[in-house]
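Multiple structures follow.
In the two complexes that follow, chain A is the common piece, with chain B as its partner first and chain C second.
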Partner chain A sequence: MIKARNVAFEYNRRDNNNNVVSIERALDGVDFDIKPGEFISIIGHNGSGKSTLAKHLNALITPTEGTVWVDSLDTSDELNTLKIRQTTGMVFQNPDNQIIADVVEEDVAFGPENMGVPTEEIWERVNKSLMTVDMLERRSDSPNHLSGGQKQRVAIAGVLSMRPRCIVLDEPTAMLDPAGRRDVIDAVTKLNKKEGINIILITHYMEEIIHSDRVFVMNKGKIVMEGSPSYIFERAPELEEYGLGLPAVTRIAHILRNGNINIPADVFSPDELVSCILENLRQYGC
Partner chain B sequence: MQIIVDHLNYTYSKGLVYERKALDDINLVINRGEYVCIIGHTGSGKSTLIQLLDGLLKPDSGTIYFDGKDIFDGDYQLKNLCGRVGLVFQYPEYQLFETSVIEDVKFGPRNIGMSSLDTDVASYEALKMVGIGDELLDVSPLELSGGEKRRVAIAGILAMKPEVIILDEPTAGLDTKGRNDILELVNRLNRENNITVILVSHNMEDVAKYADRVVVMAEGKIYSDGTPKEVFADYRSLREVGLDIPEGMYIIERLREAGIPVRTDIMTAEEAAAEILRFISEES
Partner chain C sequence: MLKEVTIGKYYPAQSVIHKLDPRVKLAGTILFIISLFPYSTAEVYLIASLYLALMIKISRIPVGYMLKGLRPVIILIIFTAVFSLFLTPGIDVVFTIGSVHITRSGLKKAVFMVLRLIYLIMGSSLLTYTTTPNQLTDGIEKALKPLNRIKIPVHEFALMMSLSMRFIPILMEEAEKITKAQSARGADFEQGGFVKKAKNIISIIVPLLVSATKRAGDLALAMDARCYHGGSNRTKLKPLKYSFRDFAGYVIVIFYFALIIASGQVDFIGY
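After this line comes the complex of A and B, so read on.
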């Protein structure tokens, strides 16, 4: 679905006379293959290159060196740009920057309308998209009256209505409260599991990566670790070196495992952990 | 009693169809040197309350006393208040605007009428306090990293030498390291400089770790108020208002409900794990 080979990207800092004063390598030799239907999470501290990488996935920026292919289309070829952006949709951190219409359903209709979809089909897509993110009831409201999490779900519906096969979300929950975060992550997970849409989720919150098939850890513009959520969580000291902390449940599970308590590697939620601890206690005969 | 909030009411869009009561008869006393966290679901009234505390909004009725004086009294100089009660907004780095870091920090103290020399000293000290080195003083704030920008924005408030500092989700959008840096800084301001801290947060782990006191808001009212331990003990009622408790405490509460007599004076994940291990080794 998406392939990257030896991708590097440089930001140039220029002075008033437009001379390059410094070059910062935001991406440095990145390689990956993302298969159709995969759910990928990308984590890394501020400035590790996550967002720069995300912007490569729908040709918002193109590599300084190396190549990114979306559906076998080279993103550096401008003739492919439109096709790529219809294949890969993008959702950003701040919902207020992405919503443009006065009414929820009009905002969701904007994408397909722009693509020249016939009116009847637009309505069909708007309905379905809003239903998928559970926002159908608010279709005729003003986005101004929605909470952050609701706005973010409308933004996702706006991308969905263009029927992309892949959605890239760049820290979609950073500005939301816990309930809003949960709703957005649930909506995203549903898109992946039920609709088979490729998800690439960039996040700071370690507990949000647990639904993904694979996790990329980024540091200094490189992918430094890659694997399933439990593989990643088992490597706490290494993560710490990259400025990343583990969620509380995982930390507790770790300490218990080190104390020879049997906790399976795929326990991520507090309720699962509680059942596990109780099971252990039962075996000890308490 | 440094701050007394007395029967405070506030309504948005009064008289319009969108009229919404944001604060409903709030009473609150905050003492000098306290570290208070305000938690609550989006729309619970937290942000409205802190804007009133800084005198940015005027209440419908009720008032706030700061150091014994009614801040909404016609004679009160609100301009003095904003130096003494410093408010750090959400995403404060978006408000950096000067051409250099030091100039940006100087804006606040200069604006409240500090002398030029005092402004220079206070700004320099504030930047030191937040850990911004001399080499960055003349750099454009736009060239800094996210965490650095935020610390510069906080320095801009500290340079006014506030007695109270209010922070609205100061760690939102930062990575683990950036988050710890900011929280350690705020903690130091409270413990070492005796600045009263009022912090709005969604991160219950942080609240449990640092706060002396937690005020929970729901639907414009104060829902509960006490030490983190007292407030988090009742996770079911917190869940009803859309809030979670720190996961370590949650696991301990659930074990107790299942009849396991673990200790309850647990705040952090590490303490919870240690207590579970202790219990298992003693029982087996």
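After this line comes the complex of A and C, so read on.
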């Protein structure tokens, strides 16, 4: 679905007089293959290059070196740009800055309108997309009256209406409260499991990667670790080197496991952890 | 502060006028405004009054709400009335207060100027009360489409208009946040003379501008990501299409304008 080979991206850092001071390498030799239907998480601390990588997947920026193929289309070729943007949609961090219209349903229609989809089909797509993210009853509201999580779901619907096969989400929960974050992650997980849409979730919240099939850990423009969430969570010392900490639940499970208490490796949610601990207590006869 | 101003705000209601194509309403409003200027006779203003009253009635907008829209301009109306009343020279003096003469033509001028102002505001508010900002920009875009041929980017202007309307409340909220943040750090926006107050505003405007620029960059990126490539080959969720109702609307508007022109030629009552 998406293939990257030896991708590097450089930009010039300039001083006030517009002279180049230094050349920054935001991405440095990135390789990966993403198969159709996969749920990928990309984590890394600030400045690790994860957002730059995200913009490469939608041809918003093109690599300085190397190549990215989306559906075997080269992103560096401008003729492919529109096709690529229909294949991979993109959701950004700030919900206010990506909603274009004054009415929810008109915003969801913006993508298909640009693609030249006939009017009746736009209506069909808008209805279906809003239904998928559970926002149908707010269709004629102004986005200004919605909460952060709801706005972000509208933004996801706006991408869905373009019928993409892959959605890239660039820190979609960074500006939301915990409830909004949960809503957005649930909506994204549902899209992946039910509709089979490729999800590439960029985040710096460790809790959010637990639903993914594979996790890429980024540091200084490179993918430094790759594997399933449980594989990543087992390598806490290494993660700390890259400025990433384990989520609370995983950390507690680790400590308990080191104290010879039986906690399975795939326990990620607080509820699961609690029932595991209760189970252990029962075995000890408490 | 800005929330109390009703002028130019959409008033949702179920009426024929609300459902009319925005282009018909635009044409109707422009013709109504033009019709107020060439003649100052009682007949013309009688017809205009009846026409406006009828339109307000059909639009189902409460009269009180219409009148509330006049509140911000009431001082302007009073000024206009006073100036025309006292400063119109003439020999047909009706009565005299001290050295000020009030003339018959001054009286007439004051009445017509006040009516003209009120009707201008009511007529154009009727347009904005019954049309959402989106419909309005859509209507303007479609009506001005022929200008595309002389390379005026009509679609882009319409998009800019609707985008700025979308961001007005967001930027207002942000300005409030900045003001509060600076007050919390000891900035004083209340005291001091005019110059000091004006200088204080700079500390709000600068961060607001920086953030607006950043928002604009983000928005451009988001529009790019959603395949925006200008107005060519674009379809619409709610395309503007004329129905029978709209042609009837045009006929009524043109009939009204013809009636005004015709009655302007004769002056029965003899003012």
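Going forward, the second predicted complex is superposed on the first by the 280 of 286 C-alpha atoms of A that agree within 3 Å, B and C clash if a C-alpha of one lies under 4 Å from a C-alpha of the other, contacts with A are read in each partner's own complex, and residues count from 1 in each chain.
Just so it is clear, contacts are C-beta pairs under 8 Å (C-beta built on N, C-alpha and C of every residue); 3 or more make two chains touch, one makes a residue touch a chain.
Everything quoted here is computed from the prediction, not taken from an experiment.
> For A:205, is the partner it touches chain B (first), chain C (second), both, or none of the two (neither)?
After superposition on chain A, A:205 lies in contact with neither partner.
> Can A:171 be said to touch chain B (first), chain C (second), both, or neither?
Touch partner of A:171: chain B, not chain C.
> Please indicate which partner A:259 is in contact with in the superposed arrangement: first for chain B, second for chain C, both, or neither.
first
> Please indicate which partner A:109 is in contact with in the superposed arrangement: first for chain B, second for chain C, both, or neither.
The answer is second: A:109 touches chain C but not chain B.
> For A:45, using the defined touch cut-off, is the partner it touches chain B, chain C, both, or neither? Pick first, second, both or neither.
After superposing on A, A:45 lies in contact with chain B but is clear of chain C.
> Going by the contact rule set out at the top, does A:278 touch chain B (first), chain C (second), both, or neither?
First partner only.
> Contacts for A:147 in the overlay, against chain B (first) and chain C (second): which applies, first, second, both or neither?
first
> For the complex, give me every residue of chain B touching chain A.
Spelled out, the residues of chain B in touch with chain A are 18, 41-43, 143, 145-147, 172-178, 202, 205, 242-244, 246-248, 250-251, 254-255, 258, 260, 269-270, 272-274, 276-277, 280-281, 283-284.
> Under the definition above, what is the set of chain C residues touching chain A in their complex?
Per the stated touch rule, the residues are 132-134, 162-163, 165-166, 169-170, 215, 218-219, 221-229, 233-239.
> Would you tell me which residues of chain A are touching chain B in their complex?
It comes out as residues 13, 44-47, 93, 145, 147-149, 171, 174-180, 204, 243-245, 247-249, 251-252, 254-256, 259, 261, 270-271, 273-274, 277-278, 280-281, 284-286.
> Chain C touches which residues of chain A in the complex?
58, 60, 82, 85-86, 89-90, 92, 94, 96-103, 105-106, 109-119, 122-123, 126, 143-144, 158-159, 162
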